[in-house]
Each structure stands twice: as structure tokens, then as C-alpha cells.
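Next up: the structures, one after another.
Next, two complexes with chain A in common: one pairs it with chain B, the other with chain C.
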Partner chain A sequence: MDLVTFGVQLLNAIQYGMVLFLVASGLTLVFGILGVINLAHGAFYMFGAYLAYWIAAYTGSFWIAMVAGVAIAFVVGLVLENVFIRRLYGRDHLVQVLLSFGLILVIDEAREILFGKDVHSVAPPAWLSGSIQLTDNLSYPVYRLAICGFCLIVAALIFFVITRTKIGMIVRAGAENREMTRVLGIKFDVVNRYVFAVGIALAALGGIVIAPISTVFPGMGDGMLILSFVVVVLGGIGSVAGAAVGALLIGLTDTFGKVFFPSVSSILIYVLMAAVLLWRPNGILGRREV
Partner chain B sequence: MSSRLIVSRRTLLTGAAGAATLAVAPALRSPAIAQNAPLKVGLMLPYTGTYAKLGKFIDDGFRLYVEQKGGKLGGREIAFVQVDDESKPEAATDNMNRLVGREKADVVIGTVHSGVAMAMVKVARDTKTLMIIPNAGANDATGPACAPNIFRSSFSNWQTTFPMGKVLADAGIKNVATITWRYTAGAEMIDAFAENFTKHGGNIVEKMTVPFPEVEFQALLTRVATLKPDAVFSFFAGGGAVKFVKDYAAAGLGKTIPLYGAGFLTDGTLPAQGDAANGIRTTLHYADDLDIPANVAFLKAFKDKTSNVGDIYAVQGYDAAALLDAGMTAVGGDDKQRDKMIAAMGAAKIDSPRGPLSFNKAHNPIQNIYLREVRNGRNELISIAQKDVDDPARGCKLA
Partner chain C sequence: MRGWLIPVVLLAAAIALPFVVPTYYVQFVSKAFIMGILAMALNLAVGHGGLVSLCHAAFFGLAGYVLALLSPGYDPASLLLTLPAAMLAAAAVALIIGALALRTRGVYFIMVTLAFGEMLFFLFHDTGIAGGSDGAYVNAKPEIAIAGHQLLDLASPMAFYFVVLFFLIATIAVLTMLVRSPFGHALAAARDNERRARSLGFPIYRIRLIAFVISGAIAGLAGYFAAAQFGFVAPQMLGWHLSATVLVMVLIGGLRSVTGPLIGALVLIVLEEVLKASTDYWKLIEGLIIIVIVLALPGGVRQLWPMIVGARADGPSPRQAAPPVAESRHG
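So, the complex of A and B:
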């Protein structure tokens, strides 16, 4: 493999890792801070992609689709938290799995009623639809590069909110010790609601941003859900920085695995996960006790 | 765990639907003379899930043929019983047993998914139930697992891509890289293409695979750019086909390395693939603009009945009914004369919308395979890639 090809594959790996991070960050927030296992995360990712397709088809604008899609997902998240999720804090994980699995079924049916089950595609914004010539016969879509930049901005925003703002302080305190935070008179429950809604909005945002390079199809959330969990477990549950590291590791492993060890590429990321968990049972940047 | 929960919910629904059918059915079932009772056709198709649209079109095609014959085949009334197979192999044996056992279906039509179809074949072999496969292409169904009572009105995976090997060799293409999902259908289609291509002097540079049903192709597209083959041959279907075709175009590879594929790469996916699919050549046993009287008449009738544009799946359902008709007509509607009926079906010559259709000893179709090119959002006919393609039926013991 010459240097240029290596560079291109590295770019592929990083770009794939960025996408994984964007989707997994919402999961790690909800999982780590609220302690809720949300199996429906992949379903919201799929729903976001369908929203992008539907709104973009109506309005002709990808940007409107993005803003409206995220807003809709955020509101849905608030309602769901209020009606269902808040009853589950501190309950057995099995109950949470059951509820969020039910949500998958409901979202799938809703998708079928609203959008049908056809495969769709979404056009990227016109000024991002070009491509850059990399080698004599290979070019790289500008939109994929734009996703990298966008994911970096989102990551920076999440870091900023969590480490530099009062809301972030409450969130961290709540994740550390829920009861104590409540006893101190901090309205942790209200913050919870927003954390959950942000998690759902991030899943949908992932689906929307990825829609133009992926395809919008009914089962698209299933594979992404599993990958997101691998990212979260690998990076350390609840750690946004860990999710970033985990996502990049998986992007690298998957891309170079496909190139160098094609016959076993499908299990390599799980081998990686097992190895990391043997070395650090709480994930790369996970706290010792969760 | 997750899939099992879905199954039980859906199974409950289909069970309820089945019970409802039974409650209505007694009026039809009561006549004492079996021969006057309607022939019960069990449709085991995907009515929900990824392949729901395919199941619907096969169902519509089958019913269209029966309606055109006044609701009778060989003079015998036809009654239907439906089961949703959901494309779930793990539920296939139970569903098939229910159709054959409790519902007492005389004939079973099914299905789309190869894994489900093979489970059905096993039950059909054990219970000697007459079965017609209206889509699933697994070579084994009319290979090692062939049986007198099992027919196929669609294709074998081998059949659809084998002719493409010669097409590419004839076009002067020497080096080809292949890409597909790592599962049976992918392997069978790629191997059949490679078999014919290398026989005609071609060289397979590299066989690339992606785990099924993964859709992250970027690493392999970069690999293609490095290998610089003369062409790429691929098989994907549904959402994977859309994404692969779009990614291939976005990587700019289409300009220097033409993309060829199995027909399913561009079938039912063109609206989502858009311009990215333009110029892609594929082989299949059908083309959207096939200008023969049977096809023109079929497309019109299908449109009148369902207001949808008919496709290959509808044709396969339609032909499954035509094949059953050939058998029923030979025995005057008495399906108890089984050997005679099966012999007539095996010898059937059907004027199908896809062109002339007959059957080999393993009961797989002998049919033309067409070379098509994507133009104007359709798979338009270029030429007949190979006439009367007959699957070798490797491993089939039927003489």
C-alpha cells in the first residue's frame, strides 16, 4: 500500500469514526448520566433520516430539514421522558430494555404509516455536493469532509457545555451522585428531561446528517445501534471523550480490517472491544466505579 | 432476543387472521366431494418487513392470473390462505407446517427470502406438498434439494449472472474485481459470473466482500481505485444497492471503471439511485421495456388491477399461477392425479411476460437472460445476453 492510498484509507477511517461518534454521543449521555439503556437510539437515528428525506422533499432545503428534524426529535424526547422514561430512573435495566424495545416497535410502525417502507435518498446542499480529486481515478465527496468538520463542531459544543457551563456542572454532579444532588436542592429532574431530549435529538441529527451519504431505509438503525453500543462500552460509559476515542478506534479497525484482513473484518471490532475490556473493564476513559 | 419478541407478536396476529379465515371458510369447506371443493392455495410471502413490497407484487401477480381465468384453474375453484413469513428463517418451519397441517393447503406458493424458502423446501420434501417458489434464488432449491413436487417460477442465482461473464469477455474486458455481501446469494451470483468470465479468458483480480448487511463501502472503493481493474462486477440489493451505486458514483470511479452487476443492483431501486445509476449494465430474466405482446398485455392488466407498474416480482407470481394452471388443466382440476399433474407442470411451455418459459429436470426455469442498461430511470433492454439459459442443477438426483 503506497502512501497516498494509506492516506485515503486513513481519511475513510476518520470520517467513519466521526459519524459513529455523532450517533454514539447521544447514547453515552443518556446511558451515562441518566443510567437508562435506550435500545430505541437506533430507531431515532432511522427516524431522523426519514424526517430529513420527508422535510427536504417538501421544502427543497436540506437546512430546513436539519433544523426542523432536530427540533421535532427534541420535542419527542421531552414528551417521552415526561410520560415514560422518568418512571424508570433507578429501576432494573431489564425494565428499561423492555420499554425501549417497545419504542423500537412503535417507531418502526409509525415510520411505516408515515413514510412507507421504500428506500430513499437525500440530496446534500448544492454547495457541498461536489467532490475533490484525490488520485488519478478516485475522488472524495466534499460532503463527507463537511461531515468531519460538522462532527468536530458538535463534539466541541458538547465538551464546552459539559465542562464549562452550570448546566454541565449539574449534569456531572447528577451523574456522580444522584441522591446528593437532589438533596442539595438542585433541580436535577428538570435537567434529566433535557439530557434525554438532547440524546434523542443527537440520534436524529446523526440520521439527518448521514442521510445524504447513506441511504434512508427501514433497517438502517439496527446496525448503527449495535455499533453505538460498542463505541460507548469501548470508550467508557458516560464519557463523551471516551466515545470520541472509541469511535475513532472502531473507524480505524473497521477500515483497515477490511483492507488487510477482509475475511475476518466483521469480527475485528468485537475482538478489539473484548481486548480493551480485558485491559480496562470500564472502557478506555471509563470511571472505575459506575 | 429482539426478533423473537417480534415474531410472537406477529405470529399472534397471523394466527388471529388465520382463525378469522377459518371462521368464514366452513361454507366453502363443507361439500362432501373433495373434487368440488376449491383447491386451497397457501401463499406464504413476506407481507411485512424489508421485502413486503416484493411479497405484495407476487401476491397481486398470482391473483391477477387466477382472476383472468375466472377464479378457476383447470375448472376448479381456487381458495387462498395467506401467511406472513416476515422473511424470518427461524419462523419458516412453523409457518409452513401450519399451512400444510392445520390449514391443509394443497399447494404452497413461497417465498422471497432464500433462507425461508429452503426451510419451506425441507417441509415440502417431507410432506410431499406441491410447492412453487416465486422468487428465492438459492441454487440448492433446484440443486441438491430438488424434488418432483418442488418447482420454481423465478430464477436460480447462478442463472442470472452466468451470461454476464461472456458479455464482459466479449466487450474486451480482461481484468474484473468483484464486490458483494458475504452470504450465499452474493457468493452464488459472483461465482457464476466468474465461472463464465474466466472460461472466456477473463481474469478476476480480486473478490471483495462486505459482511451482510453492512453498507460501509468506502474502504473497498479506495481498494478498487488502487487495483484499477477494467471493470467492477457487483451484487447488492435494496438499501445496500442504492448506497453502493451512489457511493461508487460519488467516488468518481464510474468515469474510468465501469460498474456492472446482477439485475437486482438496479431493480426497484432506481428512484432512490437517481443519476448515479445511469449507464450501469446488468443481467436479469426481465427488462422494464421488454416489448413482446405477453409483457405489454400483462403490464396493462396489472396496472388496471392494482394501479401499480408491474415488475419482475409480479411476473414471477403471475407465472407461478400459470404453471399451476398447466398442471391443473392436464388433470381436469383433480389434483389427486398427482404424477400426471407434476409431469404436465414439468413439461409446461409458458408464454410468459418475460419471454418463453419452460422447465428443466430439476424444475428450474429455462429462460432468456437479458442485458439491460439503466436509462431514463428504467432498466432498458440492450440485447438477449443468452437465450434459453438452463441452470446446471448441480447435485440434483432427478433424472
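So, the complex of A and C:
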């Protein structure tokens, strides 16, 4: 493998990892703050991609699709938290698993009613649709580079909000010790609602940015859900930094696994997960005690 | 007296059933029994062990694949050989997954079992084992034969029904004995208060692992018969949507009893059948029903019983009669 090919694969790995991070950070935030395990997270990723396809087809603009898709997902998140999710706080994990499974069935069928079950593709914005010529027969799509850049900005924004702002302080305190934070007078009803909506919006955003380079299909949420879970298990539950580490690890493992060990590439990330479980059962950046 | 009367009546009804209803319903009830075995197996881990597993479909599907792979072309496979092989394969995989997953707790355990279950799904989906994503046929139903003499051919729906019924009763018997044994009490103790059970000297990890492996093996038993009945195996048999559906059956039936999940399986399968026949959007309705059950009846449909009967007999306090299972599990 020459250096250029290696560089291209490395970029692919990073780009894949960054999208994974977007989705998984939403999942880990929702678990860290709300204490709710949300199996429907992948369904929102799928729904975001379909929204992007649908809005882009109507308006002809990917950017409108992106903004509107995220906004719709955010509002849906607020409503769902209010109607269903807030009934899950402090409840058994089994109840949370099954309620979110029920939500998956509902979202899947809603998607079928609204958008059908066809496979679609979405065109990237015109000025990002070209590719950069690297060598005579190797080129790299600009859109993939744009994803890397965009996801980096979103990731920086997430880290900034969590580590540098008052909202972030509340979120961190809530993840650390919910009862104590509540006693200190933080209104968790409101925090919970917005954290859940942001989590859903991040999942949808992941689906929207991936739509132009992958196909939009009904089962796409399932694969993403599993990958997000593996990311969270690798990084440690509730840790956004852990999600970043886990996502990049999976991006690298999956991309280079497909290059070097194509026959077993589909199970490599699970081998990685098993190794991390043997080494640090609470995740690479997870706390020792749970 | 009621203690043994109800099971005897139910058993008599189950034995009489195939003689009075058409073949279609015999097959339908066989299918429901098979899912009941799977749900009861899962409940050993979930209800009695407090281990919410999302990979039991993988054990179920794996055993089905073992039957498909061991079936000799168009001749029937020998049940006495292939069933133990299928259950052993499921148990072996449950041992590996369990040994890793049980290093974690709570929500981690759910995620890890889900991920490993999907690994098996992708193993059968992406590689060429038994037809890849297309699945594979089980051309002939297995037979019970000793030294070349065929004793029972499962190709007849009636024979199939009674074999499944036999294994259903065997499963209930084994699980009941397990739950009532010192082992079962230790498992429940670890569920209710892990720290205390550990300080009493119980080897928690080993107890849970054994329960998980037994649970996986019985899930394999169900998968074997499911594959034999449909005559076909596909990767979807191992997918986590089935695991979650079976969890719904467990919750509907109630977590604290051995036979509850069997009732849950019957309820959910009949419900699905009715919904599929009446609307195109049956998944939407099923999803909403699941959400309502989860929110309103965390103790399962059995909770309705004291509400209905209790309200009439003991006056108005149906809520006290059945404390929500979910809340009593923290500790």
C-alpha cells in the first residue's frame, strides 16, 4: 500500500469515525444525563436521512434540507420527551428498552407512510460535489472532506458547550450526581427535555450528512444503532470524549480491516469490543465504579 | 387444590387440541409453543437473573442454522443427533458471549449482548455460511429413529405438535426445578442485591454465567424446532428485532414466574396475527400497544387479573395487589 492510498483510507476512516461520533455522542449524552437507554436512536438517524432526501427533493437545496431536518428532529425530540421518555426516568432498563423498541416500530411505520420504503440517494451541494485529483487514477470527493470539517466543527461546539458554558456545567453535574444537582436547585425537567432533543437532533444530523455519500434505505438505522452502542461501550457511558475515542477507533478498525482482512472485516469491531471489555469493562474513558 | 387443577386442565386441553381443530391451528399453536419456550428461556436470564439480554435471538437462530447445516440433503435428519448438537452449539456461544458480557452491568450488559448478537447476525449475513443473506432450506423435517427404525416423523403436523408439547413441558419442568433450587435462589439473590449476595460468599459471576448458558441452550431448543417447522433459516432469525420482540413477550407475561412468558408469547402472537389480518399498518399499532403495555402494566397482563378480580372481591385497591415489578428491582 503506497502512501497516497494509505492517506485516502485514513481520511475515509476519520470521516466515518466523525459521523459515528455525531450519532454516538447523542446516545451517550442521553444516557449520561437522562439515565435512559434509547434503542430508537438509530431510527432517528434513518429518519433524518429520509427527511433530508424528502426536503432536498422538494426544495432542491441540501442546506435547507439540513437545517429543516435538524429542526424537525429537535422538535420531535421535545415532543417525544414530553409524551413518553420522561415517564422512563428512574425506571428499570428493561422498560426503557421495550418502550424505545415500541418507538422504533412506530417510527419505522411512520417513515413507510410518509416516505415509502424505497432506496434513495441525495445529491450533495453543487460546490461540494467535485473531487480532488490526487494521482492519475486516484481522486478524493470534496464532500467527504467537507464532512470531516463539518463534523470537527460540530464536535468542537459540543466540547465547548460541555466544558466551557454554564449549560455544560449543569450537564456534567447531572451526569456525575443527578440527585445532588437536583438538590442544588437545577430544574432537571427542562434540562432533560433539551438534552434529549439535542441527542435526537445529533442522530438526525448524522443521517443527513451521510445521505449524499451513502444510500438512504429503511434498515440504515439498525446498523448505526449497533455501531453507536459499540462506540459507547468502547469509550465509556456518558463520556463525550470517550465517544470521540471510540468512534475514531471503530472508523480506523473498520476501514483498515476492510483493506487488510476483507474476509473477517465485519466482525473485527466486535473483536475490538471484546478486547476492551477484557481490558477495561467500563470503557476506555469510563469510570471504574458504576 | 387450585394449585394442580389449572395445570392439569390446561394440559388436557393441549393434548385434546389437535384432535378438534384444523391442521392450520395445530401448526399455529406449535409455533406459539416454540416462541413460548424461547420466551421462558429468556426469562431465566431477564426475570430470574436480572440480566436484560438482547442476543437470545442469536442462540435461537444459531441452533436453527445447525439443523440446516446438519440436515443431509433431502433426507430427514436424526433428531436424537441434531437436537443435542444444536443446543450444544447455542450453549457454547452463550458461554463465550456470557463470559464477556457478564463482566459488565446494567445498561452496558444490554449494549454488549446486543452488539455480540448482531456480530453473529453479520457472520451469517455477510459470509457464505449456509447461503449468506438468502438463508438456507431445511428440506426434510427431522425424524426420531433408533437403529434405522423410524419411531416418529416430524413431517406430520400432529407428531410435530406433540413433540413440541413434550419439550414445552420439559422446559417448564426444568426451569421450575432450577428456579426453586438453591441455585435459583442464589441467582435471584444476586439480582435483588448483588453486593449482599457477594458478601454472603455466592460466586455471582459463575452463577449468572451458568444461568445464561442454560438460558441460551433452551433458546437453542426453540430455534431448532422453529427451523424444523418453517423448513427455512435466514439471518433475520438471529437479528435483535426478534430478541426485543421476545423481551416484549416476557414483559407481557410477567417477569417473576416460569410460565408467564409462555402466556406472553401466546398473547403477542395472537395479537400480531389479528393485527396483520386487519390493517396494513400493523407495526404502528403493535408499537403503540407495546408502549402502552410498558407504561401502564410493567408487571405484565397478569396485572390485569387482580385488577379485575380484586376490584370485585377485595374492594378498591387493585394497585396494591400487584406492585410494579420494575420498581421492586432497584436495590
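The rule we apply is simple: the second predicted complex is superposed on the first by the 289 of 290 C-alpha atoms of A that agree within 3 Å, B and C clash if a C-alpha of one lies under 4 Å from a C-alpha of the other, contacts with A are read in each partner's own complex, and residues count from 1 in each chain.
Definition applied: contacts are C-beta pairs under 8 Å (C-beta built on N, C-alpha and C of every residue); 3 or more make two chains touch, one makes a residue touch a chain.
What you see is a predicted model; the values in this text were computed from it and never measured.
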item	value
Partner chain(s) touched by A:214 [first = chain B, second = chain C, both, neither]	first
Chain B versus chain C as contact partner of A:37, first or second or both or neither	second
Partner chain in contact with A:95 - chain B first, chain C second, else both or neither	second
Touched partner set for A:105, first chain B, second chain C, both or neither	both
Partner chain in contact with A:140 - chain B first, chain C second, else both or neither	first
Which superposed partner A:45 touches (first chain B, second chain C, both, neither)	neither
Touched partner set for A:262, first chain B, second chain C, both or neither	first
Partner chain(s) touched by A:74 [first = chain B, second = chain C, both, neither]	neither
Shared chain A surface residues [contacts with chain B and with chain C]	39, 101, 104-105, 263, 266
Chain A residues within the chain C interface of the complex	31, 37, 39, 84, 87, 91-95, 97-99, 101-106, 108-110, 112-113, 222, 226, 229-230, 232-233, 237, 263, 266-267, 270, 273-274, 277-278, 281-282, 290
Chain C residues within the chain A interface of the complex	46, 52, 54, 100-101, 103-108, 110-112, 114-116, 118-119, 122-123, 126-127, 240-241, 244, 247-248, 251, 255, 281, 283-284, 286-291, 294-295, 298, 325-327, 329-330
Contacting residues of chain A [partner chain B, same complex]	1-2, 5, 8-9, 12-13, 15-16, 39, 101, 104-105, 117-121, 131, 133, 135, 137-141, 213-220, 223, 254-256, 258-259, 262-263, 265-266
Footprint of chain A on chain B - complex, ascending	2, 5-6, 9, 49-50, 52-53, 182, 208-211, 213-216, 218-223, 225-226, 228, 238-240, 242-243, 246-247, 250-253, 255-257, 269, 271-274
